[in-house]
Amino acid sequence: MVDNLIIPLLKIVIVLNATLVAVTYMVLLERKVIAWAQSRLGPMRVGPYGILQPIADAVKLMIKEDITPTRADKWVFTAAPIIAMVPALIVYAVIPFGPEVSLFGRKITLYITDVNVGLLYVVSVTSVGVYGIILAGYASNSKYPLLASLRASAQLISYEVAVTLTLVSVILVAGSLSMVDIVRAQEHWHVWFAFIQPLAFGIFFIGGLAETNRAPFDLPEAEQELTGGFHTEYSGMRFALFFLAEYANMIVVSSVATTLFLGGWLRPFPNVAALGFLDPIPSWTWFLIKSFVFLYVFIWIRATLPRYRYDQLMRLGWKVLIPLAIANLVVTGIVKVVLAT
Amino acid sequence: MGQAIAFYTLAAFILGFAVLVVSTKDTVHSVLFLVLDFLFVAALYVLLAAPFLAVIQVLVYAGGIVVLYLFVVMLVNLKRAPEAHHDPHRRTKLGFWLAAAVLVELGAIAAYGPAASAPAVTQTAAMPVSGNTEQVGWLLYTSYLIPFEIASMLLLVAMIGAIVLAKREL
Amino acid sequence: MFDTNELVLNMGPQHPSTHGVLRVVLRLDGEKVVDADVVIGYLHRGIEKLSENRNWTQIILLTDRMDYVAAATSNVGYCETVEKLMSLEVPRRARYVRTILCELQRIASHCLWLGTHAMDIGAMTVFLYAFRERELILDLFEEFCGARLTYNSMRIGGLPLDIPPGWDQKVLEFCKIMDGKLGEYEELLTHNRIWLDRTKGIGVLPASEAIALGLSGPPLRGSGVGRDVRKDEPYAAYDEMEFDVPIGTAGDTYDRYLVRLEEFRQSLRIIRQATEGLPEGPIVGKVPRLIKPPAGETYHAIESPKGELGYFIVSDGKSTNPYRFRVRPPSFCNLQGLRRLVRGHLVADVVALIGSLDVVLGEVDR
Amino acid sequence: MADDSTNPREPSDLPTPPDQVAAPKPAAKPAAPAEHPPKAAAPGGPPDPPPPADRTPPAFIGSLQSAIPGAVAQISYWVGDWTIIVPAAKILEVARHLRDAPDAAFDMCSNVTATDWPPRAERFDLIYCLYSTRHRHRVRVKAKVAENQPIASVTPVWPAANWLEREVFDMFGVNFTGHPDRRRILMPEDWQGYPQRKDYPLEGPGELLMENPLDWLKLKQARDEADIE
């Protein structure tokens, strides 16, 4: 009973809440980091150094008037933010934050579940999240959101192909689809897969930027072109859901990248004994640090780069990333066969 | 018992959404119901202990193909004037008889066909691999290699055809 | 069966990238622009009509409200036109200070252009960097005339006030700071792959077309026409300054960007020369108590940061108001080229092109 | 020529003003004897002073005169600017010549505007400010038109004139013919009257309507309904 129901439920509650808090503070982090990049201070008023700003934002968004455009498709308009938010949250079910730990004399795994097809689960669930954006654009019955959702659907499909192909190369190396097994494989090989599969790592990172609609690929919400894109007509809490979904997706991408390429919860250089003094540090700390670095780079890129144009984005996806990913996959397969014989 | 309840609930949802897909007036709603339908079919696969198929169902159909449907539906303005719906070429009777014929056919298969006794399950013992994903892979590349290759050839041809059609200047 | 209608997209007048209240009605095929109709007039305040009922000095503050990001330049242009009409001579010191103010204003205006242009293309950090430096210029203007945006900083026949003590040193200090900051902008943009992709080959305008469309200022020079009113018809103290007129070769958005960046440097060069060689002497010429130019009409143009800013003024010689006051706003004429530029490009390029023309709607609509 | 127009501030460059402040309009108009019938009336028009004796007009004016007979009705020079006054009927011909003749080469039309002199029969002065990027010289061309009198648009010659002429049409109601896109540009499309005309009321129904939006809306609604019917 305790093992089958209460502990998983507790884990779900903890992960869900931690994620939501992380997401709101991610917004603050982004504002702060960009502000520092731009020689500003960022939010400073709410709490010391603006530390309570996310709470103020949440309150503001909740008490804001929730507007539904008169001629919008009301059901779809309401459903779209939920469709965007839910997949972003249920992905965390398979992300391993750490290995087994013993707590109060009970072995507890630091992940909600470990399914055989974990990685595919991540990919397929996030691919459903696209509907939030597409339907938001359609349901608003407005031209800017419509253009944005056309952009979003094309962009997400194209980059999903490239990202999935890189994942296949990782699966080939690890020999498993389970997220936990992939980390264990990196432990077994004594090396992070980022070093074995540097190309896949790069493509995954670029594709991750594109799939989360982050700069320089933030076309579906390009404020300067499409006045906010798919969420132009949204306000209040529904807008906030989109906002949260975007940041939750960022965290998902960083977590997946950490798991697949940076050794998940493993400490740096797991094979170097000289770094053994790092072992007492809890494994989930490493996971969080690595994910944080990813998120920081996401924000850093946003502060630095201009935005790609739609056709250039598609060209990059189809003519550069997908061929590279396929080549990488083929080479990986050949090497694996050669090494096996 | 629990499994039966789950199956019939899922089946009811699947059929209900399928009816909604064809009966809804708004094309985008129709596509949405199709997505829901696919998700429930995926749930059915989970129930059948085929998680790999379930995930692939969501990834390929819900996440990929239907997005393309939506893309086309939104790009091509299908909201026509009401009189356009009264299509003089509509063959309501023909459609009805066709549907009836399919129903009869299905009934005949159910009644007289070989009783499906899950031959795949018996084969698992012969397979050197365990786990759902590995079994699917094994079957695809051994017993069903030729259908698999034919399907991929078909897709390749379709893809080339699409490129030829879409590219205006060649 | 397929209804491939063109999509009509109404961009503006409320849109984050139309730099004010510009409205562009785009006819799109997918995301490709088939045609565009540029609709202006949302900020029309009738400055030309108003001026016919103000006396000559009062009009100076109306000129502030035209190109509100380069108000001092508008002031100088107007005052010089009236001086030309009255055959007034302006003391050399006043002309030098005018030159310094005009060039500071050019840098401030270009800072605003750079920031917003980069922002339109998605590089948000440049925006804040450029505004940081613009702030320094606004501080200098505040010290000179007490205002930060609408300066009213000129008088017919000279200046309202002499420069505050130590101001010239501050200007030189600013030049030193600005030198370094230009590198910062360039580092973020000039060789950035995405920036190049977004600006190279976008909105290519050959020289002959640019001239025919009546473009002036950086958009014209970006197309490779070495036309600069400061060189061709020198006013203020430009005949005593040494500077180059940068011109582009390809006539695309990137060249217009490079031209403006080089103009930063040339402006700094002019400011240094004018500040270091600032002559002593009076700041106002012999101006009659009642300003009433003799009957006649004239057209006088100066090089504002946006292009050729011309004033056509008719005096009837009897009243203390101009009989006709007409501005040739550079933004208005440059904006005319937008329709030609956006055809065949994508929606994302439209905002880049609006930014690359650097229009100020206060001046377009007057 | 280029030097003349460039630096008007130099006093040596300026002509001695031919007539002092508020002097009567110069009677002698050598080039246009029949041009200004109502000239005696008070604000009947700009003085358009003829060039002083020691100023020779630039060569392109002479060649314009010989190329198109009757094209130059009058030449004027004031504070360093040359103005050619041409008959309204010949404006397009003159424009073509000024753009294409190698000694003129006025390839840029930097400004088109108008001035309203109400008592005069040909109440509008249309003023074209031209510039040559090759020779770097300027000239102003002026044509006089009456209300509703058609005048050919110069947009086919200089595309730049498109918006500028639209503005003149918007503000003065000058009847341009052959303009590709003759719509109002700054004022709303349904605006009544031409604001820059001298007889346009500075206050009146137009402003009152703006102050009483309800009245405005009622009027608009009435008109819209009339349109639908």
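Just so it is clear, A, B, C and D label the chains in written order, and each chain counts residues from 1 on its own.
Quick note on the criterion: a contact is a pair of C-beta atoms (placed from the backbone, for glycine too) under 8 Å apart; a residue touches a chain by one contact, two chains touch by 3 or more.
Since the structure is predicted, the reported quantities are computational estimates derived from the model, not experimental observations.
Asker: Starting at chain C, what is the smallest number of hops through touching chains needed to reach chain D?
Answerer: Tracing touching chains, the least step count from chain C to chain D comes to 1.
Asker: When you average C-alpha coordinates per chain, which one falls nearest the overall C-alpha average? Tell me, please.
Answerer: Per-chain C-alpha centroids ranked by distance to the global centroid put C first.
Asker: How many Å are there between the centre of chain B and the centre of chain D, using C-alpha atoms for each centre?
Answerer: Roughly 73 Å separates the two chain centres.
Asker: Using Cα averages as centroids, what's the distance between chain B and chain C in whole Å?
Answerer: Comparing mean C-alpha positions, chain C is 62 Å from chain B.
Asker: So the centre of each chain is just the mean of its C-alpha atoms; given that, what is the distance between chain A and chain B in Å?
Answerer: Chain centres of chain A and chain B, defined by C-alpha means, are spaced 29 Å apart.
Asker: Would you mind pulling out the distance in Å between where the CA atoms of chain A average out and where those of chain D do?
Answerer: That gives a centre separation of 64 Å.
Asker: Give the list of chain A residues in touch with chain C in this complex.
Answerer: Spelled out, the residues of chain A in touch with chain C are 34, 37-40, 143-144, 147, 151, 215-216, 218-219, 222-227, 302-312.
Asker: Okay, in this complex, where on chain C does chain A touch?
Answerer: Within the complex, chain C contacts chain A at residues 7, 9-10, 15-17, 31, 118-125, 128-129, 132, 188-189, 192, 194-195, 197-198, 346-351.
Asker: Within the complex, which stretch of chain B touches chain A?
Answerer: Result: residues 26, 28-29, 32, 35, 39, 51-52, 55-56, 58-59, 62-64, 67-68, 70-71, 74-75, 131-133 of chain B touch chain A.
Asker: What part of chain D is in contact with chain C in the complex they form?
Answerer: Those residues of chain D that touch chain C are 5-9, 11, 14, 17, 19-23, 43, 46-47, 49, 78-81, 107-111, 113, 115-116, 127, 129, 133, 136, 138, 140, 158-164, 167, 171, 184-188, 195-196, 200, 202.
Asker: Flag every residue of chain C that touches chain D in the complex, lowest number first.
Answerer: Residues 40-41, 44, 46, 48-49, 53, 80, 83-85, 87, 89-90, 211-216, 225, 227, 232-235, 239, 292, 294-301, 308, 310, 312, 314, 316-318, 323-324, 326, 328, 332-333, 335-336, 365-366.
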